[in-house]
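Alright, structures below, take your time with them.
Here chain A shows up in two complexes: once beside chain B, once beside chain C.
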Partner chain A sequence: MLKFWLTFSSLTTAIIILAVLGFLLQASWPLMQSQGLSFVTGTEWYPYEQLYGMLPVLVGSFWSIVLALLLAVPTGLAAAILCAELLPERGRAALRFSMELMAGIPSVVYGLLGLWLLLPLLESQFDLLTGRSLLAAGLLLALMILPTIMVFSESALRAVVTEQRETALLLGLDWPTRLLRLLLPQAWPGIRVAILLALGRAMGETVAVMLVVGSMDRLPQPLYNLLQPAQTLTSRVGREMAEAVVGSVHWAALISSGLALALVAMLLSLLTQRWRS
Partner chain B sequence: MNRSQISKIIIVGLALPALLLPGVCLAYILFKGLPALSWSFLFSATEGLGFGATSGVLAQLLGSLLLALLASLVATPFALGTALYYRLLASKRQQALLAGLLNMLQSIPPVVFGLFGLIVFVHLLQWGVSLLSGAIILAMVILPMLVLNSIASLERIPGQYTEAAQSLGLHHGAVIGRVWLVQAWPGILTGQLLGVARALSETAPILFTATVFSGVVWPESIFSPVTTLQTHIFYLAQEGSNPQVIQVAWGSAVVLLGLVAAFALLARYLANRYENPQHLGAER
Partner chain C sequence: MMLQPEKIEPVLPQRQPDSTALQIQGLNLWLGHTPVLEGVDLVLAQTGVTTLIGPSGAGKSSLLRCINGLYQNWQGQIELLGRDIRHWPGGWDQLRSHVGLIAQKPCVFPQSIRANVVFGVQGWRQRRRADALVEAVLRQAALWDEVSARLLAPAETLSLGQQQRLCIARALAIKPGLLLLDEPTASLDPRSKQLIEQSVKSLAASMPVLCVTHDLEQARRLGGQVVFMCDGKVIEQADCESFFQRPKRLESREFLSWNVCEC
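Up next is the complex of A and B:
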């Protein structure tokens, strides 16, 4: 009885993963059937005309993630260095607490902040008609992944053994050299895991992005224009899932975005685990 | 100025956003939301005249709590069972495999579980947009963190306790019930509270599987839809034409934040209070 409970519940994890992949694959099958694999490179998305091009959202997701990482990695890493190396114990505790607080704010509240604080700021700064853009999504995502990067990098930095620090000090190396030649290389395995985790979070974030990205299904013109309304994988799913007819190709196209997200996330997780061990 | 000082200044400069933004965000939310709070805002559920502008958020508050607590209730037996299996029955290889699978499950974005739930619970099983669908989806979202937390608190139990219990000839059930759970319950409960806090902050997975905008105060059964604070904020935020509505959205955000903080702080208190396993007299 006891053994049955324990064994069964330990199987649930595997069952859930298999069930999620299986059902999502089955539900996205109509898309593969009707479009082959050409939808990946299609640039047009008009469900009413049976056009299901994924390229605009892939580009949108790519830019918002890259922008978020470009902003959050230097800041988060600098905060981690500050926390682990420079601050006294009390400042360290305060900084850690504020990061935990930031991590605890629900994503929909970030969305609210983005919509009613960030967008007006962007509109006045860049003189835009609407602030809804990939830039807004990237900025908001950067804010949301900052705690992940900071907390994991900080514990990686603190894990660098005292003996090596003392050796570096005895050699008379100054602080920047110790940082660049000892601490960062030693902590790098942990830091890259932090970056991967943040990447996963940025990729899967839905409601906050949905509120600020503008939900415009077209490629940015030109491709690096971050100030136009755009769409990401997750924001499209959130916007259109409720209106798609069950079993239609539109439905299948949206489910397949979810499947793609799950597969990439699991791949990232495998990579993380390899890097950790 | 020497190199060392300059580089430290650069680091502080780069870190500046991380130092300021948490405070700025929190202050802005409170600044916008606190004026909306009142007794009637919290404890009345008058129906949405003027698109939610004049109503209280009692229904949403109850819906959020109900979903999160039910999710935790659903996930707990599986989480505890998995953690106990990991410590008691699993071989080294099975442990590695299980840890890998748990990490994988944790990495899947919550919105994907929402899609899965939409296919399986809402349409295939015909539960409809309902409390039950949402609770099971959220249970899937928080399962890995509950398991990993329980494993961690079971691992903190000193090995001698287990050895002593086993050498007394206790069977598995007694080791678990009389030794492990007695020692590890604060850690496990901490994990549960954090799980509830996490479930309270998720919006995407329940957006089209468990919630409606208005019309529900207390769900009639587990097959009825609910309204939640998360989705309430989401819908109201987009009604830009009416400043009163946005005011309600900020107020709801403060209530949600308070709810999440209450569970997280309770968890923190428990974790601090029972950080070390209680020592039995025999060991000293």
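Up next is the complex of A and C:
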């Protein structure tokens, strides 16, 4: 009986995943037919003129995610090392609890926090009109993925076998050397998984990003200018889905954004599984 | 091309002119509310094996952990080469790089055999160019012939006995001035035991070796000095032959006869 249920559940999950992919492909087909490859390379997004270029949102998503990872990975790793190696048990528990709490905060709260604190700060610091920018999205995403990186990396560091720690100590290696030569290499598979999970979260985040990114459908000028308002894949879907007519090319274009996200998320998931094993 | 084995010379702060390598006086250690070592006095010469024997809980392993600074809350005096180890230049980590300690259970890192040997060697370049050192210490640990053709194989693929010899080689690679062994052959097969004993004896020709063992036959085979400990105290210290032939203390005689001690 148990075997039956396990098989049934596995099959159902696989069918649902395939069905989602099938739906996304089928729903985005009208756009593929009408736009072809220019859908990915086009820079114009004017639904009323049937122009659906995705390049600005791809660039926007890329920069916000890269910035978030650049900020959150070193910070999260440092917090994990502090927590796993340096803090006494009580401090460790407190830091870990606060990180777990942070991970549980709904993303809309982060978005509101961004509106209330981050945007005015960027506005005054960089002399911007509104503060809504890729930088704001990246900073907010960094804050949101920090707990994931910290909690998983800390677990990976603590999983390094005590005997190996003691052996490294017995060889007269000082703490920084033990960290670089033993702890980080041993914990690296876990840290890598933490980064991938955080990347997944950063990619899929919608509401918070939508509130601070500025929702401007154009390429940053120059391309690395993070102080300009921009758009990401998720923020566009979140903003325009309610306005699109079901079955229209506009609707298909938004579904295609979802398809792109789903494919990248699946790729990440596969990589995570591969590295875990 | 055969590499010429490098002679391992311990690198230590100025040696004392006298022949004492380690001198322990009035060592007391409490773990929690339990006295573990009480007034331990011990002297080790510059070379030779000293075996520490005694019943379980006598404080033998704790004594080793005090000597290399894993326990630091002891009272008394421990001098290595005439220097108080509490004031060792560079602190406890530096001290440990002069005092190799081999634990009872071999612990290898999930890396190649070669990487394990040079794990404690300071400096990336030194580790990369340590072929001669690797061969020398593996020979000293009686492991070279078995692993020379597969130095890049994972260390976990070695048998337990080979892993223990790899641990000895790894400890030797940091060029210690004193080698501490905590029941290094417990739970190993007779062949591995024999190889490790041979290795310990040859090492003892050039450095002091302090070896904890429960195996009285092994203590006899290793020769050198024997220190009998019971209940946290040193009961008797003598050379091997006289200890086993003519133990002076009643507790020693009891222990040799019955392997128990009621001190």
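By our rule, the second predicted complex is superposed on the first by the 267 of 277 C-alpha atoms of A that agree within 3 Å, B and C clash if a C-alpha of one lies under 4 Å from a C-alpha of the other, contacts with A are read in each partner's own complex, and residues count from 1 in each chain.
Criterion: a residue touches a chain if its C-beta (ideal position, glycine included) is under 8 Å from a C-beta of that chain, and two chains touch if they have at least 3 such contacts.
The structure presented is a predicted model; accordingly, all values stated were derived computationally and were not measured.
Looking at the shared chain after the overlay, A:M32 reaches neither chain B nor chain C. Within the superposed three-chain model, A:A159 lies out of touch with both chain B and chain C [touch as defined at top].
Of the two partners, chain B and chain C, it is B that touches more residues of chain A.
Of the two partner chains, chain C is the only one that A:Q186 touches; chain B does not reach it. In the superposition on chain A, A:G172 contacts chain C only, with no contact to chain B.
Of the two partner chains placed by superposition, A:A93 touches none, neither chain B nor chain C. Look at A:L261: by the touch rule set out above, it reaches chain B but stays clear of chain C. In the superposition on chain A, A:L121 contacts neither chain B nor chain C.
In the superposition on chain A, contact of A:F8 is made with chain B only, not with chain C. In the superposition on chain A, the residues of chain A touched by chain B in one structure and by chain C in the other are 174.
Contact residues of chain A toward chain B in the complex are 2-3, 5-10, 12-14, 16-17, 19-20, 23-24, 27, 74-79, 81-82, 86, 95, 98-99, 101-102, 104-109, 111-113, 115-117, 143, 146, 150, 174-176, 179, 200, 203-207, 211, 234, 237-238, 241-242, 246, 254-255, 258-259, 261-262, 265-266, 268-270, 272-273. On the side of chain B, the complex with chain A involves touching residues 2-4, 7-8, 11-15, 17-19, 21-23, 25-26, 28-29, 32, 77-82, 84-86, 88-90, 98, 100-113, 115-116, 118-120, 123, 140, 143-144, 147, 172-173, 176, 197, 200-204, 207-208, 230-231, 233-234, 237-238, 246, 249-250, 253, 256-257, 260-261, 264.
Of all the residues in chain C, the ones that touch chain A in their complex are 68, 70, 93-98, 100-101, 103, 105, 107, 109-110, 119-120, 122, 167, 170-171, 174.
Taken together, the chain A residues at the contact with chain C in this complex read 161, 163-164, 166-174, 177, 181-182, 186.
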